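Order of writing sets the chain letters: A, B, C, D and E. Residues in each chain are counted from 1.
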Amino acid sequence: MSETTATAPKPFDWSSPEAMAKRKRRYAADRRLRLYGLVSILVAIGLLGILIASLVVTGYSAFVQTKIAVEFTADPENVPAEDPGAGNFRAVVSNAVQALFPEIENRRELRTASKILSNGATTIVRNHVIANPGLVGQTFTLEVPASDPFDQLNKGVIDRNLPEDRRRVSDAEIELFESLEARGLVSTPFNWGLFFNADSRFPELAGLAGAVVGSFYALLVCFLISFPVGIAAAIYLEEFAPKNRWTDLVEVNINNLAAVPSIVFGLLGLAVFIQVFGLPRSAPLVGGMVLSLMTLPTMIIVTRAALKSIPPSIREAALGIGASKHEVILHHVLPLALPGILTGTIIGLAQALGETAPLLLIGMNAFLTSPPGGIMDPATALPTQIFIWADSPERGFASRTSAAILVLLGFLIFMNAVAIYLRQRFERRW
Amino acid sequence: ARDQIRIVGSSTVFPYTQAVAEEFGNATDFPAPVTESTGTGGGMQIFCGGVGVDYPDITGASRAMKESEYKLCLENGVDSVTEVQIGSDGLSIAHSVEGPEIDLTKAQIFQALAAEVEVDGKIVANPYTRWNQIDPSLPDSEITVFGPPPTSGTRDAFVELVMEEGCEQFPAIEALEGDRKDEVCKRMRTDGPFVEAGENDNLIVQRLQADHNALGIFGYSFLYENQDTLKAVAVEGVKPTPETIADESYTVSRPLFFYVKNAHRGVIPGLQEFVEEYVSEEAMGPGGYLEERGLIPLSDERREEVRNAAIEGKNLTRYTQ
Amino acid sequence: MNMLTDAAVEAVLTEAPKETLKMRGSGVNVFYGEKQALFDVNLDIRENQVTALIGPSGCGKSTFLRCLNRMNDTIDICRVNGEITLDGEDIYDPRIDVVELRARVGMVFQKPNPFPKSIYENVAYGPRIHGLASTKSEFDAIVETSLQKAGLFNEVKDRLHEPGTGLSGGQQQRLCIARAIAVSPEVILMDEPCSALDPIATAKVEELIDELRENYTIVIVTHSMQQAARVSQRTAMFHLGHLVEEGPTDKIFTNPDDKRTQDYITGRFG
Amino acid sequence: MTGYLFLAILALSLIAFYVGRSTAGRFVAAHGAEVHSRPIYHGAFAAVWVGLPALVLVVFWLLFQDGVIDRLLIASLPESMKQGASPSQLSLYLSEIKNVASGRIFTEPSPEISAAAERYQRWQAIAQWAMVVVALSVSALALYMARTRMAPQFRARQNFERALDIVMILSAAVAIIVTLGIIVSLTYEAIQFFRLVPPHEFFFGLNWEPQIPIREDQVAGTGAFGAVPVFTGTLLIAAIALLVAIPVGLFSAIYLVEFADERVRGIIKPVLEILAGVPTVVYGFFAVLTVAPAIRQAGGMMGIAISPNSALAAGGVMGIMIIPFISSLSDDALRAVPQSMRDGSFAMGATKAETVTRVLLPAALPGIVGGILLAASRAIGETMIVVMAAGLTATLTANPLEGVTTVTVQIVTLLIGDTAFDNPKTLSAFALGLVLFVVTLCLNVLALRIVRRYREKYE
Amino acid sequence: MNMLTDAAVEAVLTEAPKETLKMRGSGVNVFYGEKQALFDVNLDIRENQVTALIGPSGCGKSTFLRCLNRMNDTIDICRVNGEITLDGEDIYDPRIDVVELRARVGMVFQKPNPFPKSIYENVAYGPRIHGLASTKSEFDAIVETSLQKAGLFNEVKDRLHEPGTGLSGGQQQRLCIARAIAVSPEVILMDEPCSALDPIATAKVEELIDELRENYTIVIVTHSMQQAARVSQRTAMFHLGHLVEEGPTDKIFTNPDDKRTQDYITGRFG
């Protein structure tokens, strides 16, 4: 050791006041960083909380629905026993309203009174009678939804104490409704219709079944395309493709695809899938394909990261005993990368679930009164349904919009939970 | 082959079409039509794209078809189109109930919202930023007006019904010629006070609820549904109500239409029946279910006329003569 | 060289006659991108003997070892030229099947790297992919023999279905050896198999290598001169990518031809 | 029918798999170790051979069958109907024929149409059966060929793996094809645009008012196409979003990795990830209805005039959305820094803060930059939030309190519902899209360079 | 114990009088969660001596070492009780400042772990965070002295601003030692500092340890008995979490009291 020419460092007095002060500052910096972190997390979670809370505040009332118990009489004069479907159910309903308010005599008032019942009452009664043909000639009680203004009145969204000219419902209408309340005919049960009805022009009848089914089909298509294609592409790029300028370019390019506005994917889908391939407009098949174009880059990026994180020692071990490259990947790398791949899948699908803009371009914002029967039928999706409802004047749609968003978030949280569960199941240490 | 009717067009007509479509789907064995809201202009573009199953059968419009659009139709072989007026819609200017009562003339609105206005006989870039700068009797608050974007028919209607009429009050503008006059009269300012707020009228409504000094321009049905929080601005002394709109004393109202592609009648199942349902008394008559949704019905004679024309498939001839 | 026992010297001498050639590298050059890591290496590996590769860090021992079963193929930038034969066949011949080659030339790495699977599955993996067994009992037999040969069976026989990653370092290394043996390779390559182990585990692995030599040809890279002296019959000394010298272990350790070998060995045994 | 055909092909591949496997099994019994590949690979090879070509054939058949039949149908119509009929009229005939053929008759069809409908039904049946026969014989032939190739020395594994390779390469090609599709379609329309509007005006002009009349009689503006304010607006909003998201995301990640215990992290990380999945429409509402008025009110109290469409509201809310991209990816990156780095630093007497800022962050830089890049990409490409919360008016400003517009807002307003691609207004959307694509590409290349350059490699 | 040179024995003997206590562990118990890793360990560390900790894998050597500068604090599940003092002060006293403690008791790890920074920054890191220098020239001086003491300066003086991760394993380990020295600690803990190194690098590090002993107190964990014999003055033998015996190195290696020590040492030196 010829190098020990240097002098020994001067001893440092660790307990001198300067040293103490210095350390104090360092600890303060430490606490500050911790505080920033905590504040950041609280801010982020707080914002999420505010978001959800505001949705709950506006949306909770959509989960119940005002209903009115009405006695209907399917007298054979209006409803022919041989073909109940062809009956005049408008008459049946207006007779029932007349029976509900015997004091009303003129036609105008009667019409006002029948507005308390949902416009869908006719269809509800019709379907009920068609399902039970034995009811022809009978009197039966059905709970039918109240129309939106009265639903809002009952839920207190419309303030009965406001002056009449600032209210959607008149004094006379309130009086009629209150007489129903007094007779105990008004109830507010859980609104199953929100989940089992398709869309409707009438808020009290509108439900999410169509959008949920449409979103489900679109996501299914999206998953079936982007999951295998994304994984296969990622494996090829990460494990097989030579590493050179070209693959760098491909990598940059895939990252860049993630920045392409989703609406451009919508344009591409419109031009290629609908105009060139002639696939039907508004179909979940096309929606899913467009969404998969969008999620593919995310899938590929995340899957590649997951593959990269598998230690080379595992690969070498398998190669070293004579496994082929494909076997190494299939037997060892993929199972170990699965948790990461699942994260990517979920992020990708979550993004697809909430995406609106490209669906507008391919017509998945149509108004449809029945859920799609398959991936080729016209359909809406949850976000476009939200978009449509948000644009409707009726008060009832305001709360339904929030409720629909909550349902979508529920979907999302469910998907996340599944992912986390799977992630934990497949997570293995090495 | 397609077995449902396809409808595109105005977002203003969309809710009425939805209601009819739903009723039609429930009451008949035909599948319910597929309805998309694309805006009037966009709807026209798609509708006039051609004849055949790839193109829609009906488009809704919050203003009458223009000649240029009709020509586009003709070019693409859509040579027989029936125009059906379904009623009218008041364009309302409204603000929060917390705000003061406001009564505006069209000239004042023009002064507040145009890109260029007349000041002291000269045409200059709009200098007004507060209402009371236009007229001392108006409130001392900033001009903030949320309105529809140029892609919407509502915007077209507003320009035509308010701005163009408002600008007629100014001699220096009146003195202009041709294109230049058009531009001054029709161009909205882009320096802030007029805020193009997108196609979603509810967003405007809710912004007004948050911002008590702002005004908004949107369809009457949104005002009707939100009377507890919003109130109308009187235009030329008249506030929009179903009565004033129907009797046309409220002058900012416009007719609503839909257009049927006659070549599709008898080919697309249920198209004829759907049109019949749309013009039926239960739908567009007084007390019909469309009125409940905010449509202002036509007069009795006019309805009769429209109904016959719609059912027979009378060709639109306005631009061919 | 007081560490080399007489027994070892004797062993080398008595075994000399039955030496046959198993692998041969002639004129091997290896490049990592632009950089050359091995220069014209000529080295013979004899059957049923232990060949030790020694030399200072970065001299190319691992590189040469990985050439012998073409593990270098997995490094994109690595190019090999020259000829390496296994039983006279060129292993870099394009017609050769790498998978088969690696089954015949097994490898144990410096850092124990068991699969994150059960102990049983770790050992059974090789036979499974090569189709060496088909029934459960055949697999059981292979797993047991391999673990026994690796001197691990008694320690793990009650926990065959627990993860291999849960074993201690030394046990993991022996598991990797068992895994390599399970496909009955002809040659086993070991890259510093004991560097992570304590003396007791090291002793066990060394014993094992000595036993394996009966049936297998073994090439071992080591930094420990004692270990090279204890377990190998032949030693090859590398320096800066060149093969400095090669010969019977006792000769290299007692009477090296090359000054650098001398320095390297004595640099430790001063 | 088609469904059954798919099932049949699947069943055939399955049979082929078993045939292949058992044949190879016999080889093994006879030749032992000399058999090259394991039986399972012989099976897989046979299955791929039998399944893939037939499937591809069926898919192509289905793609073209309808077109061919339509053409035949039209050709078979009587001259009287074809005479002078426009293509669209013919398409209506086809529709009617098909409706009649499927029994949806609502007016009495003409005899020509009825006849055509019958022909249609017949031809469809023929085509279907032909497809079945062809597909199944292709499968059978493939099975035969696969069987003849099988031999003990046959390299079934290599062949099967080659098939896998092809599938993987095709998958990777999808991403490339999508890019090409985007570039081609954007470029084509953008060139059209630059024919109408000189590029120098687009690239250097400071005035953006694309609302030139869609219809001759509409006047909405003069039609100015200076894209500079649109891009500055995009950058402004993205910058605000990143200003919100980077500190919050990074500090959250640091807290989760270094200060929080494992259980807390296990809960908080996925909760934060929800932020990324909330539909953007919802954020749009949040921005317009909650954040923008709040900012405006705050400004009002301080006497500052704030636009209702302020860039601050749109960018801020977008920032919330992209927090998880930064927090999750930075979290992963920080976590991947080996414990030995931390130990090294702590053993020197460093505090946690010093360890994080001086050792971990630099070491995790590539991962963090990757996350920020993805977040920035999302911010630039995000549509719904800005459509709802940002303005439509292009203002050249760096003031976050003013309203600006973004590329995506313009693309949406210019394109939604309007599909006439022949006036500069709609075409300008494509030019914007193309330039955005190029700009983000440059950003990505730059980021890759920076990361490569400054990466502190810890292995 | 033919490996122990006379010189070393002499050194131990001549140094005996000036032995003073630097650190002391009394009744140290360490738990990882439920599992106890150390049982009632009592061990004294003498100033300016090298204390070697030996014992089979998993016996708790590293655990004890990490107690001495509270590096165990970074492991969530780890609990320490008993008393450990530095210059008579209890280092687990809540009032003690860990940052100061770790500056006074430096540590070098088994695997070289230079920061992914330049060589210069690696060494300057400690002084920088502790504020031991303020001007560029002060830093330069510290970096140079430290590198010189670690015997690395000449090798790297032309590439001070290249990344420390680009050095060879032995150089990296010496860089880590330089880094530890730079804050002038009083005690240096080394956990198997040579296990990743080749013999030449090992020799250099051992020489270095011997020199450092002049100014620092050193505790070293090693698996190599030769190493322990060569560099240490005192040796402590651990087994299954217990301190088996402790004493002057020559005594432990020639005449251990405990059968287990005997076995462990001879298990290697047979």
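Basically, a contact is a pair of C-beta atoms (placed from the backbone, for glycine too) under 8 Å apart; a residue touches a chain by one contact, two chains touch by 3 or more.
By chain, UniProt protein names: A = Phosphate transport system permease protein PstA; C, E = Phosphate ABC transporter ATP-binding protein PstB; D = Phosphate transport system permease protein.
Note that the coordinates shown come from a computational prediction; the quantities given were computed from them, not determined experimentally.
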Taking each chain's centre as the mean of its C-alpha atoms, give the chain farthest from chain D. E
Averaging the CA atoms per chain, pick out the one whose centre lands closest to the mean of every protein CA shown. D
Chain C to chain D, mean C-alpha position gap in Å, rounds to 49
Could you state the distance in Å from the CA-based centre of chain A to that of chain D? 19
Distance between chain B and chain E based on Cα centroids, please, to the nearest Å. 84
Distance-wise, how many Å sit between the C-alpha centres of chain B and chain D, to the nearest whole number? 36
Which chain C residues sit where two or more other chains touch them? 99, 129-130
Among chain B residues, those touching two or more other chains are 2, 200, 203
Tell me, which residues of chain A touch at least two other chains? 26-27, 324, 390
Considering every pair of chains, which are in touch? A-B, A-C, A-D, A-E, B-D, C-D, C-E, D-E
Okay, in this complex, where on chain C does chain D touch? 97, 99, 129-131
Using the touch rule from the top, collect the residues of chain A that touch chain D in their complex. 26-27, 29-30, 32-34, 36-41, 43-45, 47-48, 50-51, 54-55, 228-233, 235-237, 240-241, 248, 250-264, 267-268, 271-272, 277, 293, 296-297, 300-301, 305, 309, 324-326, 347, 350-351, 353-357, 360-361, 382-383, 386-387, 390, 405, 408-409, 412-413, 415-416, 420
Quick one: which bits of chain B touch chain D in the complex? Just the residue numbers, please. 1-3, 8, 38-39, 41-43, 45-46, 49-55, 66-69, 72, 76-77, 142, 144, 146, 149-151, 155-156, 159, 182-183, 186-188, 190, 192, 195-198, 200, 203, 206-207, 210-211, 214, 263-264, 266-270
Under the definition above, what is the set of chain C residues touching chain E in their complex? 2, 56-58, 168-170, 195-201, 203, 223-225, 264, 267-268
Complex contact set, residues of chain A against chain E: 1, 3-12, 14-15, 19, 22-23, 26-27
